[in-house]
Each structure stands twice: as C-alpha cells, then as structure tokens.
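First chain A sits with chain B, and in the next complex the same chain sits with chain C.
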Partner chain A sequence: MSALLDVEDVRIDFTTRRGVVHAVRGVSFSIDQGESVAMVGASGSGKTVLGRSLLGLVEEPGEVSGSIIFNGQQVVGSSESHLQPIRGLGMAMVFQDALDGLNPVYSIGSHLMEILTIRMKKSRSEARHEALRLMEEVGIPNAKSRFHDYPHQFSGGMRQRICIALAIGLRPKILIADEPTTALDVTVQAGILDLIRRLQDDYGMGLIFITHDLAVAQQISERVLVMYNGEIVEQGETREVFQHPKHRYTRALLASHPAHATSWRDLQPMPESFVLEA
Partner chain B sequence: MTIATRSSQISPLKRIFNSPKWEMFLASPLAIASLVWLLFVTFVAVIGPIFVAEQANHQDLLLRFYPPFTLDEGVSYVLGGDSLGRPILLQLIVGARTSLIIAAFVVGMSALLGYAIGLYSGYFGGWIDNILLRLADILHTVPSMLLALVVLFVLDPSITNLIVVLGITRIPVYLRTARAQTLEVRERVFIEVARAAGASHWRIMTRDVAPMVFPTIRTLAMLEVATVILQAASLTFLGIGLQRPDVDWGMMVADGREYLRSAWFVTVFPGIIIVLTALAANLFSNWLRAVEDPAQSIHFFSKPRRQKAE
Partner chain C sequence: MITFLSRRLTSSIITLIGVVVMVFFLARLTGSPVDVFFPEGAAPERIEAFNRAYGLDKPVIEQFRIFLWKALQGDFGDSIWQQRSAMAAAWGEMPITIVLAAIALSVSTGMAIILGSLAAVFRFTVVDRTITFFSLVLGSMPAFWFALVGILLFAVHWRLLPTSGSNTWLAWILPVATLCLQPIGVLTQVVRGAMIDVLTSGFVRNARARGFNSRRLVFRHALRNAALPIISVAGDIAAGMVNGAVIVGVVFAFPGIGKLIVGAMLARDFPVLQASVVVVGISVILLNLIVDLIYVLVDPRVRLS
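Now for the complex of A and B:
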C-alpha cells in the first residue's frame, strides 16, 4: 500500500541570470498517517523550499520536477484549483516568522472565523464555537475576551499559537512545521513544541518538522531526514540515526552539537568541506 | 453569548457612539474641528445655492470692489464685492457646490481607478504590470495641465469634460503608490499563510492586500482634494475650465489676481476657504488613518505627552 505522502526524486531549480541554482537535488521519502518526521540540516540545505513544494507553493523562478503524491493526487505541476483542496485541508503549514503570520488589519477571531466558514463550510455560530475551542486548545487563556483582539496585542508566542490553531482548525492529515520556534525565545519554544506534539497525537496527524536544531528534532520525531546541500544524506529512526550515524555529515553535525558533549573538549567544529557557501 | 450579541442586536447608531473610535474622536479636537468644517462646507454646498443662486450673480457696478466687514449693503456684501460688484459671500456659497463636485468626482474617479489598477498590477506583475506602468509613466511625463489644455480646447470646456480630463491625469499618483505598497505587502508572511491555507490569488488580493493599501490611498485622496481644486482653478484661469456664469473657488481666486493690490479680499477669501477645506480634509484623513491602524490607535488613549517628534 502506498503511503499518505510519497515524494519521489524531487528536484527544485531556480533559474537566475547568473545560472541555475539546484536547491533540491533528487529527494525521495514518504510519510504515513500519524507519523512524525524531522527534517534537519543547515540553513541553505533546501529544507524550507522542499517543505513549500509539498503544497505547490514554490513560485517563479523556482521549478519543481519529480513527483509528490499526496493521498493519490499529484502535486507537482497541478493547477491552482487542484491544489486548493490539498492546501490547508490535506496538508497545513506553520511558518517560521510567527510575528508576521497574521494580517494586522483583522482580529484574531476573524482570522479563525474566515478559515472555518470558508474552508470548512461551517455556519457562523458553529465557526464561533469552534474558533473559541481552538483558541483554548492551543493554550490562549481567556479566549472569549481575546477573540476581538488584534495581532499586535498578542505576543510572538501567542501569535504562533494562533497560527497553529489556524493550521489544525482545518483538520489536515499532515502538518508541516517550518522552523516554527526559531523566532521565539527558548522558554516559549518548549511550550510550542509540547503543543505541536500533543496536537499531533490528538488529531492523528502526520508531522513534518523542519528544523536546524538537533535537540528539537530528537525530541519531536520518530524518524529523521538529514539534508545536506539539497540532498537527503541519511534517513532512519531518530534514535538509530542519533546513536549510530552512518553518513559522515551526520556524524560531523552531531559531534558539533553541545547536547552530545560532556565537556567542551568533546565538541568538534564542522569540517571546512561541509560548510555551505552562504 | 457576548460575541453573538455584539454585532447583531444593537442599533448601528448606538454602535458608533459606543465604539472606541467615537471616544478617540472626542479626544481629538483637531479631528472634531476638521469634521465640523467639512460637514459645514458640504451642507452649505448642498443647501446654499438653492436660496442664493439668483442674487449671487447679480451685478451692481456701484458696489465694485466694495470693501468687506461692513453691513451697510446687507449680509450679502459682508465679505465685499468683486470686480463686477457681485457679492463675494454668495459667490463663495455657489462656488462651493461646483468646487466640491469637481473635487469629489475627480478624486473619486482617479483614486478608484488608480487603486484598482495599482493593486492588480503590483500583485500579479508580469507583462500587464509593465504595460500599465509605462502608460502611467507616459501620463506622468506629459504635463497634466498641457494635456488638459489640449483636450479641453478640442472638446467643450464643460464641467463633465473637466472632471474626466483631470480624473485621468491624476490616476498615476494613486497607481504608483498602490503598486509600490502592494509589492511590499505581497511578500509578507501572512500572505504565504493564506496561500498555504488554500486562499486564491484573487481572494488574497482583495481581502488581505487591499485593506493594507487602502489607508494610504485614502490619505492621498484627501491630500489630492486641494490639488484638484487648484488645478481646476488654473484651467479656469486660462479660460478653458469653467465658464461664467458657473463659478468655483478657483475661478474666484483667478478673477481677483489682477486686482490684488487694490482689492485683496477678492482673492483672499476664496483662497482662505480653499486652504481651510484642504487642511480639514488632510487633518481628518490623518486622524482616520491613525485610528484605523490598530497598532497606532493606542496613542489616542494614552495621555498625550509633549515630546519632540522623532
């Protein structure tokens, strides 16, 4: 039986005036319902653009080739109208920059209401109930009194919680989280990670968690994909990969991470040859 | 449930008076003064000419350049008489209607078209954007007065033609602003969030981008009110704008220019009215912009501190 999401030999190229940039060079993986996968790699390794391509969000001059099949439907090369049921309802996405993730001219409540009435076809009163429930679900205290507040009245962490509520409100089968905690400080980070993990369990969603933070990846995923320079250099059970890394890049990555060192002498700088040109 | 009752059961008028915007309005004397002035001018423009149109064009050469601030000739001549002895006060009242009609239609037409085209052009880009932008460039390069001159010379110098010509020449102002801001808003994260949730381009353009651009366009439009009144006046001055017996404020300013040394009041009174109206429009639009922006409106609640602006 085929998996919920099947990615086959995906390549993403950006044609610029100064030549073609191969951002992703032939990546294959698959995800089943309820599974959680972390995609780790340094910045510039192509993980974000890969995440975006899953929803058909790579814009000109980017070009995606290969095959991305979600629930039996091809994403690569599909028209807007074919992508619409996949976006949000099939796979939802939480973005990195939480501070700017909500439109400043609409209240928090109307963000949630809009998505629920239009995408989920709920009546206004149903949507209102559901919006309040979602706000409570993602841990907004006094949801009722904050319903009419505007994004600028929310802190960064709370805005990200609302973005998560917007994503899970559509009951997606897979949640793609693109470094959702990078813009937030460490204490808030832990709360958001807990929230995502809990919601994944409760809703039975698949999770693709994109991060450059190995500790976070280890915490949140069952399986891990290590990306380097547009390719997946290693994938497998998270525990297995972290304990017995096979690829030398993974080994270098782990050796340079403080969480795996008992003293500073154990830390190994990333070898020159692996450092990507920024 | 409180949220449910909020929008449906209270009458609209009550909602205005209970809203925080009304409180902010009351807290801002400038906004009150501007709105009062604008309403007053509009009221006069609508009602006034019904009663005084006849007398406003009554010429009395004995009252040529009749000095202002005396009541000997009745209230009509309290602001003096012009070069043909017509009462300036009544001319102002009749001129208000023409000036406001021209300003409203020109600004409304150019703002609406410029806003819509700018949004579309900025959001979708591509070759359409290029063509539209070059067209705007061409319109901008040809001096708008020259274009208006030629068109009005060929067609009749009627109010309708004046409005259409001025309206078209003012489009680029809004188009460029709307386009520039759309380009900026288009790249923000919440647009991508909307895309990822399955919103169509059309929906994003009208629901997410347009309201972000609107306050700027509105402020610009209010600023343009003054420009348009003056442009209409210049055309009138050159003799191809309005024709007597039609009158607007600009025409009155133009009429008095020759006599500025001997009879200052012929120019100054309509001039003051133009400035006041333009100023009120600007101040009110600024207030509105500040209030509509939720992040800025907080300053209206906090105590005003006299600090040097940054």
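Now for the complex of A and C:
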C-alpha cells in the first residue's frame, strides 16, 4: 500500500551565474491520509522550496529532479495542464506572505466565489452559501457584511484566515502551510495555529506544516522532519525526536530553543559550524 | 472624491487660461493678418476698415482686455478667412480628430496589451527580447519621420495607399499608423513592466497554486492590477494625440483640428487659433477627468481613500 504522497530522492538545483546552488539534496519522505507532519529547519535549509515543489510551483531557474507521487500521479516533470487538477483540489497551499496573498482589486467574496464556481463547479447560489460558511468557519465575524469588502479593508490575520478558507474550500487531501504565521503579530499567531489544527481534524486532511519554530512544530505535528542544508537530517515521531534527538543538528537546534531550557544558563547558541549562509 | 475632482478641475482651468494668454500674445508676435490678407499695394482705407472690423487698430493690451471679456461670455469672435464664428470652425473640426485619435488609441492600447503581456509571460526568452527590441525601435521613432517615409514607401514607391485625404478607408491607414507606432512602443514597455510586477506577486502565485489556468491568471488576476500604470500612460498618450493630429494634418492634409490650427497659424487667423486652443484644452481636461474616473472604477483602493 503506497502512501498518499510519496517523495523520493528529490533534488532542487538553481543554476545561477555564480554556479549551481543545491537547495534540496536528495530528500525522501511520505505522508498518509490525515497525517500531520512538521518540516523544521533554519531559513535557507530548503524547506520552502521543497514545499513548493510538491505542487510543481518551483520557478525558473529552479530545477526539480527525483520523484513526487501524489495519489498515484507523478508531479515532477508534469505539464501545467496535468498539475492543475492536483493544485488546490489535491494539495492546497497557504503561503507566508499573508499581506500579498489576495488580489487587491477583487472582493473577499469574489475570491471565494471564484474557487467554488470555477474549481468546485458549484452553482452561484450554492457557492455563495458555502463561501459564507467558509468565512464563518475560519472565524470572520459578520461574514455576510464583510463579503463585499476588499483585501485592504482586512487586517493581516484576517487576510491569512481568508487564504486558509480559500485552501480548505477546495477540500484538499493535504494542506501545505508554509510558515503561515511568520508575517503576523504574535497575538494573532496562536489563533491561526488553533484554526489550522481544528480544520485538519474536521476535514481529515493531511498537513505539512513548514516552520522554523520548534514550539509550533511540537504543538501541531505527529511527525517531524528536520531539514538542514537541503537534507532531511532526522525524521520521526514528534515526541520521540524532541525527547531523544539523534542528529547533532537537531540536538543543537533544541538546545538553542528557550522552551527547552530551565534557565537561561542552559541555553546554547547554535554552533558556528551549523550556521547557514543565507 | 468630489473635492479631489473639483480641485483637479480648478487647476486645469487655471492652466487653460494661462495657455490662452500665451497663445494670444505669441500669435501677435508673428505679425499682422493684414500682411497675409491683402495683396501688396492695397488701398490704405480698406486696410484701416479691416483693422477696425477685427479690433486690430487698438493697442494690444486693449485688444487682450476685449478678447478676455468676450471669451468669458463664450464669444471668440469670427474667423478672418471663413464666413463663420471661430468657435464653430474649431468645434466643426473636432469630430474627425476625435474619431482618428480614438481609433489610434484603441489600436495602440490593444497591440501594447497583447505584446506587453506576451513579453511578460515569456519574460527573458526570445519572445520577450524580440518584442522589447521592436518596442524600443518604435518608441524612439519620430512620428513625422515615419509619416514621410510611409508616404515615400507605401504611396509613392509601391502605390498601395493614397498620399492624402480622408475619403476612403485606405487614406486612414497611414495617418492612424503615424499616430500609433510610437505609443505602441512606449505602452508595450509599460505593459510589460507592470505585468511582470503583477505576475510575480503573491496573489498570482496563490491563484496558480489553486489550480487556475494561465489564461485566467493573466486575464483575470494580473491584467486588472497592471491596468493602473497602463491607464495613466495611455491617458498621456491620448492627450498627446493633438500633436499627432497636427503632424497628420500637415503631412497627409488630413482634416481635423491639427490642420485647422496649422492653417490658422499660417493665415494669422487669430480668432480661430485662440478658439482651437481652447477647444483642445477643454478636450484634454475632459480626458483627464475620464482617466481619473476609470482609475476609480478599476481600483477599489482609490475609491475609498
């Protein structure tokens, strides 16, 4: 029995004028239906570009090789028209730049109507009903009166909630969340995390949560992949990895995190040798 | 919004008055209509009668005072050469100029949107480089030069198109092309830049991640956002079509406000010249108002701020 998403030896290279950058160097993992996985690592470790490659969204000059099989279908090297059915409906993605995530010239309502009528093939009245339900589901107060509002009338947190509504509205089998709270206030972050966790349960979606925040990874995931310099250096059950880290980098990462120290004296800076030039 | 529009309107009217004043005095620096109107050795009493009839016997400042007073009442005097009021002459030539400018503007905007979008979608490829090269060439080509070369090649050498007139649709081709080519070059680069900005933005990437096809991404998500810079440049180009109308009037003897202005200048038909400048000014003010209104329709952020 193969997994819902099977990633085999994926490599992502960027050819630049100053040579080839190996952003991802041979990564393998798989995800089953309804499973939640956190991908942790420092910035520059390749986690964001790996997340994008799952939907075939790596842009020139990036080049993906290896194999990404979602629901029996190969993503690597597929044409746009083969990828379009997978995007959104198979795997939906929430990105980190919440402020730039919605089209400024269309209302919130028309964003939701667009995915529901075009992608989900609903009638206009069904779609309108569902759109309001989604807005309520992601915690927009007075959904009806805000339906015709434009993105610039929404706060950053509210915009990210709409982006989440736009992702789950497509009923994806896997939700990929790429640092969805990075651009937001700390006070707003907790609400968004709770929302994602609740929706994952309610909709039975798989979740790939990309983050550099260990505490968040611990809260949200069953399994964790630790990325360092384009490789997965450790993966396993979240609790197991956090209690008994095997790889030197994971240990260093945990030792440098305030949540894992009882006093500031226990805090260890990340050893120089692990710091990436990013 | 209303205060914004009324402020724009006030400043444009002040500009218009300034232009009228300049035209009034500059025109009189060129000499007197008498030199053009009468043959050498005409009877002095006829000249005197003529000067009196058009108020040219008074000092220039006095002439200006009378002109301004009458103009404020909407009276721009009568044409010296034609048997009708100057305003009627000017308004009479506007329709054909507006039609010509509208055709040229639609053609150039349409072409620029297609070419610029293609260049943006296929950015940094051969398609992009070819389009960018030709848009630079077109953008830096003087309209009068193209008009002359166009006549030489298409009308004289190959005999495909007439050299002048406006009676057949063939006669419109060279004038429209003369007005279009430079705007196509300039606008294509604006469209390309604006589209690249938008196509690499987060919301277009998000829409792509939702599985929408490229046609939808370009036409629904990108184009309307790229529209603002395109509209403002297209507005400037539309206002600049008056210059084009002058060139087309001279080179192709194409009727319209351009030909009228040039003719009035050469004949020292001051009332017609002044009236034409006012008519062109009013058209440009209206055009700017229309551009502002389109802005508001296209971008909800302008609407509310």
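Please note the rule applied: the second predicted complex is superposed on the first by the 278 of 278 C-alpha atoms of A that agree within 3 Å, B and C clash if a C-alpha of one lies under 4 Å from a C-alpha of the other, contacts with A are read in each partner's own complex, and residues count from 1 in each chain.
The definition used in the following text is that contacts are C-beta pairs under 8 Å (C-beta built on N, C-alpha and C of every residue); 3 or more make two chains touch, one makes a residue touch a chain.
Quick caveat, the model's predicted, so the values are computed rather than measured.
Q: Putting chain B and chain C on the same copy of chain A, do they fit or clash?
A: Result for chain B and chain C: clash.
Q: For A:95, decide between first (touching chain B), second (touching chain C), both and neither.
A: Touch partners of A:95: chain B and chain C.
Q: Could you look at A:163 and tell me whether it touches chain B, chain C, both or neither (first, second, both, neither)?
A: After superposition on chain A, A:163 lies in contact with both partners, chain B and chain C.
Q: Can A:57 be said to touch chain B (first), chain C (second), both, or neither?
A: In the superposed model, A:57 contacts both chain B and chain C.
Q: Looking at A:109 after the superposition, I want to know if it touches chain B, chain C, both of them or none. Which is it: first, second, both, neither?
A: first
Q: Please indicate which partner A:18 is in contact with in the superposed arrangement: first for chain B, second for chain C, both, or neither.
A: neither
Q: So, does A:144 touch the first partner chain B, the second partner chain C, both, or neither?
A: The answer is first: A:144 touches chain B but not chain C.
Q: Touch check for A:128: first (chain B), second (chain C), both, or neither?
A: In the superposed model, A:128 contacts chain B only, not chain C.
Q: Which chain A residues are contacted by chain C in one complex and by chain B in the other?
A: The answer is residues 55, 57, 80, 83-89, 92-93, 95, 97, 100-105, 114-115, 119, 150, 152-153, 163, 166-167, 170 of chain A.
Q: Help me check something: in the complex, which residues belonging to chain B touch chain A?
A: The touching residues are 1-4, 188-190, 192-198, 200-201, 207-208, 211-212, 294-295.
Q: Report the residues of chain A in contact with chain B in the complex, numbered from low to high.
A: Going through chain A, the ones touching chain B are 55, 57, 80, 83-89, 92-93, 95-97, 100-105, 109, 114-115, 119, 125, 128, 144, 147-148, 150, 152-153, 163, 166-167, 170.
Q: Taking the complex as given, what residues does chain A use to touch chain C?
A: Spelled out, the residues of chain A in touch with chain C are 55, 57, 80-81, 83-89, 92-93, 95, 97, 99-105, 107, 114-115, 118-119, 150, 152-153, 163, 166-167, 170.
Q: Over in the complex, which chain C residues touch chain A? Could you list them?
A: 201-214, 216, 220-221, 224-225, 298-301, 304
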